[in-house]
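What follows is a pair of complexes built around chain A, which joins chain B in one and chain C in the other.
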Partner chain A sequence: MTFEFPKSLDDLPISSPKWVGKPVNRVEDPQLVTGKTEFIDNITLPGMVHCAILHSPHAHARIKSIDMSRAAALLGVVATLTGEDAERWSRPMYTTPQGWGGYVLATDKVRFVGEPVAAVAATSRYIAEDALELIDVEYEPIDPIVDAFSAAQPGSPKVFEEHDDNIMYQRVFTWGEVDESFQKADHVYKESFRWNRVGANPLETFGVISEWDLVDDTLTCRGAFQTASFMAMGRAATFRLPSNKVRFIAQPHGGSFGGKGGGRGTDITLMLSRKAAGRPVKWIEDRMEYLSSGGSQAWDRHYEASIAVNDDGTVTALRVKLLDDMGATAEGFGATGAVKPMASFTGCYAIPNAEYDLTLVATNKLPASPYRGMGPPPHNFVLEQMMDIAARDLGLDPAEMRRRNFIPADQFPYIIASGNEYDSGEYEAALDKVLEMAGYEQLRREQEEARAQGRHVGIGVVSTIEPGVFDWNAYTVIGTQGIGIPEGVTVAIDTMGKITARVGFALEGQGQYTVVTQLLAEYFGVELEDVRVVLADNLSAPPNFGPGGSRLGVAITGAVLGAAQRLTEKLTKVAAKLFEVQPEDVELLDGMLRVKSVPESQLSVANAAAIMLNRSDMLPPDVDPSPQATFAWTAPGRVEPDEQGRVKSYLTAANACHLVMVEVDPDTGQVEILKYYIADDCGTRLNPANVEGMVQGAVAQGVGATLLEEYVYDDDGQLLTASFMDYLLPTIHEVPFPEKAALVTPSPFTPLGAKGAGESAIHTTPAAIMCAINDALLPLGVRAKEVPASPNRLWKLIQGASG
Partner chain B sequence: MKPASFEYFAPTSVADAVSLLQEHGLEAKLLAGGQSLVPLLNMRLARPTVVIDVNRVDGLSYVREDGDALAIGAMTHQREVERAELVQRVNPLLHAATRLIGHPQIRNRGTVGGSIAHADPAAELPAVALALDAEMHITGPNGEKAVPAADFFVTYLTTTLEPAEMLTEVRVPALPQGTGWSIQEMARRHGDFALAGATVTLSMNGGMCSDARVVLFGVGATPLRVQQAEERLIGERVDAALISEIGREISSSIDEPLADIHATSEYRRNLAGVLTERALVEALGRAA
Partner chain C sequence: MAAKRDIRLTVNGVAYEATVEPRMTLVDMLRGELGLTGTHVGCEHGVCGACTVLMDGRAVRSCIMLAVQADGADFMTIEGLASREGELHPIQQAFIEERGLQCGFCTPGFMMSILELLQETPDPTDDEIKDALGGAICRCTGYESILKSVRSAAKKLLAPAS
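For the complex of A and B:
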């Protein structure tokens, strides 16, 4: 059966939308703001013990011996665990690319500071941490490999002896006539850039309680899981257990942003539980553990880029060479971040030819994780700097430069050089909107005046794409086969007419439960209070994946509308029998099932459901007494990549245009954001307040990445930013609240025309701020090419200019 | 991030606290606001076997005018100092400096005595204590004594306090009417410890500088008084040329400051000069 999804709000079975598209308050919030949401650390199970993990102090060392005897003898210690147990009971970690990882506890050697080496379970976390001090490990340090360029050299010492070198992946993707375009171009610009490690920092770190039932060999894990079903499947594979014996219960959690990996902590606690005769074992990752050994770090990148440009400013080709420092292993899907830029490689621009020269290298640092945006933010920073470099040289205003290269609004759907398809867009309209909001010409005059007074004021104007709704084929080029991402929901109406939606993803902060509630209340014409969204574990939920890749809003909309439609078909049959007409003669409108030609003959959805459940005599013969329906949504038309990695992977392309005005203090290198404007187009806004929250939060993370955040390793591979004293997250004082405008260009490909919007401004903010900084530095003749643009770095750069 | 185990005492008088300190010596640590000590305990960077919580000691939390000075009890929360109208009136520099400590949440807990006894070289209160000639009142096994700020700070996180001594009061002379003042600092984020800072007081008489204090923080092992700069100011007409000359001299003359991931020594030196210039300009504008 093929489904016709409503293409817009007008196609919903209501006279005028009451909930969808409105900034309704989030249903999640009352629990959250009154402190009633149950996070993993709130849970205590009978007999529960507490895990603490011993982390490697060395970046690279052989483990000569581990002696757990003193730790095991401490009063209160219940179980201890080392790599030997992991070797005996589990398989090495799943990695992408494959074959670049070890066990969850180090066996032969440690490969990064923070790598788990041993673990204990004790009656309190305090005792468990005391026990860690009694573990005797003998290490034989090896020279650490910290610099990505040296690591990539032939003959470099190796992170994994079993590999020929440290190159995890290397490939050049060529799309179109790249060499020819560079030869023929009127101008060629080339520059190199550095994006230092940043990453996800959710309010809550990872946490888990694991139970290994020794009687029937079943696993139960409760935890802060972003993708519980996917995690469950992984555990079954890791421990060679039937997948239906692994139960994962996701708790509501305080954000993820890609940082809630948790594989190691889950497996370690499971094995400790096995050793502790099945007692539940809790592990709450503390912030220092998270920063040094969790899912906290991403995007450690060295770029070289060149563009071929004609005299009129049109860009004919883009070349990007990336050396991405993945850290010690390829666990945790960090490598996908280097591939995702292919989904929006040429940004908003109609650049017909492109090349991506991609190298992933292993070093003795923490393995890279995913981070909101999944990789394009640094790529966009590079592309947008190149656009500005060309504009400057050609004497074009940066806004005009972009205008001349935009994919025109009448060319959608548009397939970009790297193969992804953009669904729709109005890039010029978004630019115009921002320029108008900002009063661009006036701002440029203010900038001139400031410059005349010796102030260093700059403006950045950039446009970017947010690829939304990733799919199974997005990352197959680096070996992520087998990760399908249907998203399902079961919708049930009970005897009292109340509606329950059962989903497989936990509350994480984005507000998707609200979206589900809005959609169902709208579809069946009830109040928001009549709908409740409940979480099911992996064994009872419909197929699901959860949030990730800016997909859940769109995917769950498809699922809800599909399930609602299926349910309506059943209800329609009930009404048809009651009114003695054919089902085709009955329609749902404003919560009523009514006979099209006789609108007075109508039955409420609640009553139809109650009839189904309670009056078998009134059931049509082909309808079972179950006012429930399940639907799992997945995007159509997703096939394997071609030989150059080209693939329609991300279904939607949201667009944003940011304009930022900054001032650089040349004496201190400090950057102040003076003005900030955003026009954002993510298609139909299911809940504009949710979108606004996503944009604002992503601006914060963008500001952090551009000006403050950086994971710093010294030459010995020691992490120098293992606490929030040194890893600087932006606070409310550092984050601007931009003036925001919404444009709505619906997606022709998705239910209701919504686009992925969860990653949002992190795609744009770093590029925009860096363009503004470089505009400010222009009179000094220097250019900032490294992110974050810390005061010390900018000051040094400016010193170079005047000295 | 759980502390190693320790024995906990909560004395209610200074005498009891001091005798506990005497009994346990170097094994013991006083706990005031805990804003510096508790993170150190949790990271197991400090491992006292005895923690003496002095939050229940009566009579150590006050801000009073005492002759020409403010007397501030060691256990007074920084937030109270910040909010005291008296402090704003009698010593606006102290008020301004207190506002630069962390965030309101930190100042709600952090104490004046804790900050000064902790002696972080980038902290504001030790710097203004030095700039204002504050006096530390200390109680120990041999009774009470007073130590001038100039003799109090020894090196990183180290003061002349003996293991069995407790800081009980800080006396800060009032800022004489007409004295210009300023405190300038550069931090990566609002509320962070300063990468570097400068505080200045300036008295002008008939267009000439009659007295000056220049103290830097965050650039050495303790707050640094820059007498050389003070001498350049006193007896001079303070103008833009002199100010930038002093700034340059400071940048080139101070001992190599500590480098960390946020600031190289070179950058800290530059900041010391730039911030001193800015402080001088602001203090001059305020001097009557």
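For the complex of A and C:
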């Protein structure tokens, strides 16, 4: 059976859409606003004990001995755990690239400050933390390797003795005639940039409750899992257990943004439970643990970039060299962030030739994690600075420079130099929209006036791509496996005609349960209240992955529509038998199964389901009495990459254009955002309020990354920003509220034409703000090349200029 | 370990007695001892505001207070915001309508600060709202919809009951 997915809202079986495409209130919210949602830390199980983890105070040290005896003797301590247990019971952590990790508790040596060394389970969290103070560890410190460039030098001291050096991965990808293009170009521009570590910091840290049933060797974990099924599979491999003995229940969680982490905490609590005779063991990561040893840090990058440009502003080639400091191990898929830029390497531009020289290096810092956007935000910052540098030298307006290089609207689907295919786009229309909203010419005049008064005001105009609908095939170059990521749903109609959808992912904040509800209410012509979405654990859910890589909105839409169509086929047969016609003569419209030629002959979906369940005498012979259907969707047409890593990976390419006006105060280095405009095109908006919320939230994270947030390590590898006093998240005072416009260029490849939209503005905001800052600094003759452009950093830069 | 202490307090109109270690934080008592898990913990060091509750009408951060400091006080937490019959408070309604939340983890804390604000300043300016909420962190929404929620809640509360 082949599926024809509805291409637009008009193709749904309704006369006019009532729910989809409307900003309906979220079904999640009543529970959330009353404090009733079951976050992991709200759960207490009978016999549950609490875990606390001892972390390494050293960046690099050999462990000479660990003595748990005093801790074990403390009243209330139920079990203790060290690397020896991990070695006995588990496999080393899975890493990408492979072979760059150890066990979840350090064995021979520690490789970063915060690395788990030992753990305790006790009757209260207070006692468990007391017990940590009674653990005696003898360390022999080794010189830490903190600087990425030195770490990458031949002969550098090593993070892993078993490797030849600290280079986790090195490869040059060449796409097209790069050398020739640079030789032939009228102009070549070259610059280096630095992006410092930032990260997700969802407001809820990771938490888990694990049980290891010793009688039948089954594991049960409840937790703040972003991808529960995926985590479960990993645990089966780690503990060499049959995968159907590992049950994962995802709790609703307080955000993730890719950086929830949790692999280590899950394994540690599992082994503690095993030691505690199977009692449930709870671990709630505290914020300082999250910042120093959790899924908190991403993108520690040193860039060199060059572009080849002709006199008319056309860019013919782009070269990017990246040294990405991955920290101590390659656990947790942080390396994917360095590969993902290949999905949108040349941005919105038709740059035919490109080269990516990529090196991942190990140092004694926290292993890098994924973070919203997964890697392109720093790459976009670099690319857009280069566009501005070229524009300035050629005397072109930055907006015009971009316009001259945009992929034209009539060229889609368009395959970019690095191999990904963009589905559709109207980049010039988005730019025009932003320029119009901003009153661009007037804004430039205002800037001139401000400059004449000695003020440092600048404007940035930037367009970017958000690759949507992640697929593993994008990452095979660093050792991930598989092509295609199914996302499934089971839809059931009960005897009272109510609809239940079973999914495998928990609430995380994106409003996906609402989207599922909207789609089903629309398809079957019922009210939102008639639909309920429930969570299934990994063993009872249809194949699923969950949120990640801006995929879930599109994927779950495909799944719901597929399941609804399957279910409709069954219901249609029931109606056909009742009306004594052929199934082809029956159609679903507005919740009614009607005989096409005799519209009065109609049966409601609810009644058809009730007949199936309660009247076997009326059941067609080829229909079982089950008004349920399951469908798992995956992106079509995905294959393996070619020898240069080129592949159609991300199915959709959303586009955004941001225009920012800032003022830099030369006396303090403070940046004030004066004006901000956004035109955003993510295709069909299934719930426009969801999308707007994503855009605004991602602007905030972008502002944080560009101006405030930074993980700072000192030369000894000590983290200096291990609290919210030092790692500065944006508050309501720092976040601008841009004027936003929505453009809709539907995707020709996805159900209903929606595009991945979850990462959103974080792709664009840092690049746009940095372009604006550099425009402001232009009269001073300096250029900010390091993110975050914190007051301290900008002030020093400006002082250097005038000094 | 210091001897446990007996304390009495009122939360959402209900009187409680508890026996706690002097070192136990207020939030751990509310959540762990009294089972009022609607108050969340985001940082445990007084920066994020997720744990905000009203103590004798004032917003306090329950992660950096001790339970013993609560002896004799009258508290309001998120569980006390809707009516006992389940009718949502105008602030809650406003958050739903204006999308003042995404993951919802910060929401109870924000709502407590907003309740304090609107009790003192029923018709706040945007600057007053920002000042009242400037010490709290939401990682999801980017704050715009929270600001709108406060404006809308203020309007609802000011409107004569119909």
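Basically, the second predicted complex is superposed on the first by the 800 of 803 C-alpha atoms of A that agree within 3 Å, B and C clash if a C-alpha of one lies under 4 Å from a C-alpha of the other, contacts with A are read in each partner's own complex, and residues count from 1 in each chain.
Following the convention adopted for this analysis, a residue touches a chain if its C-beta (ideal position, glycine included) is under 8 Å from a C-beta of that chain, and two chains touch if they have at least 3 such contacts.
These figures come from a predicted structure and were not determined experimentally.
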*Once the structures are superposed on A, label A:T731 by its partner contacts, choosing first (chain B), second (chain C), both or neither.*
both
_First, second, both or neither for A:D286, with chain B first and chain C second_ = both
*Scan A:Y414 for contacts with chain B and chain C and give back first, second, both or neither.*
neither
*asked:* Applying the document's definition of touch, where does A:Q670 land relative to chain B and chain C: first, second, both, or neither?
replied: first
*Which holds for A:Y126: it touches chain B only (first), chain C only (second), both, or neither?*
both
*Regarding the shared-chain residue A:T721, is it in contact with chain B (first), chain C (second), both, or neither?*
first
*Tell me which partner A:E28 touches in the superposition: chain B (first), chain C (second), both or neither.*
second
*What is the contact status of A:K36 with respect to chain B (first) and chain C (second): first, second, both, or neither?*
second
*After superposition on the shared chain, which partner residues are touched by A:F5: those of chain B (first), chain C (second), both, or neither?*
neither
_Which partner, chain B or chain C, touches more chain A residues_ = C
*Where on chain A do the contacts from chain B and from chain C line up?*
125-126, 286-288, 723, 731, 733
*Report the residues of chain A in contact with chain B in the complex, numbered from low to high.*
125-126, 129-130, 133, 286-288, 667-670, 708, 710, 712, 720-721, 723, 726, 728, 730-731, 733-734, 790-792, 795-796
*Name, in rising order, each residue of chain A that touches chain C in their complex.*
25-26, 28-30, 32-37, 39, 41-42, 125-126, 201-205, 253-255, 257, 284, 286-288, 507-511, 689, 692-693, 696-701, 723-725, 729, 731-733, 735, 737
*asked:* For a test of understanding, state which residues of chain B touch chain A in their complex under the given definition.
replied: 1-5, 43-44, 186, 188-192, 195, 261-264, 267, 270-271, 274
*Note which residues of chain C are touching chain A in the complex, please.*
21, 23-24, 28, 31, 37-45, 47-48, 50, 77-79, 81-82, 88, 92, 95-97, 99, 101-108, 111, 130, 133-147
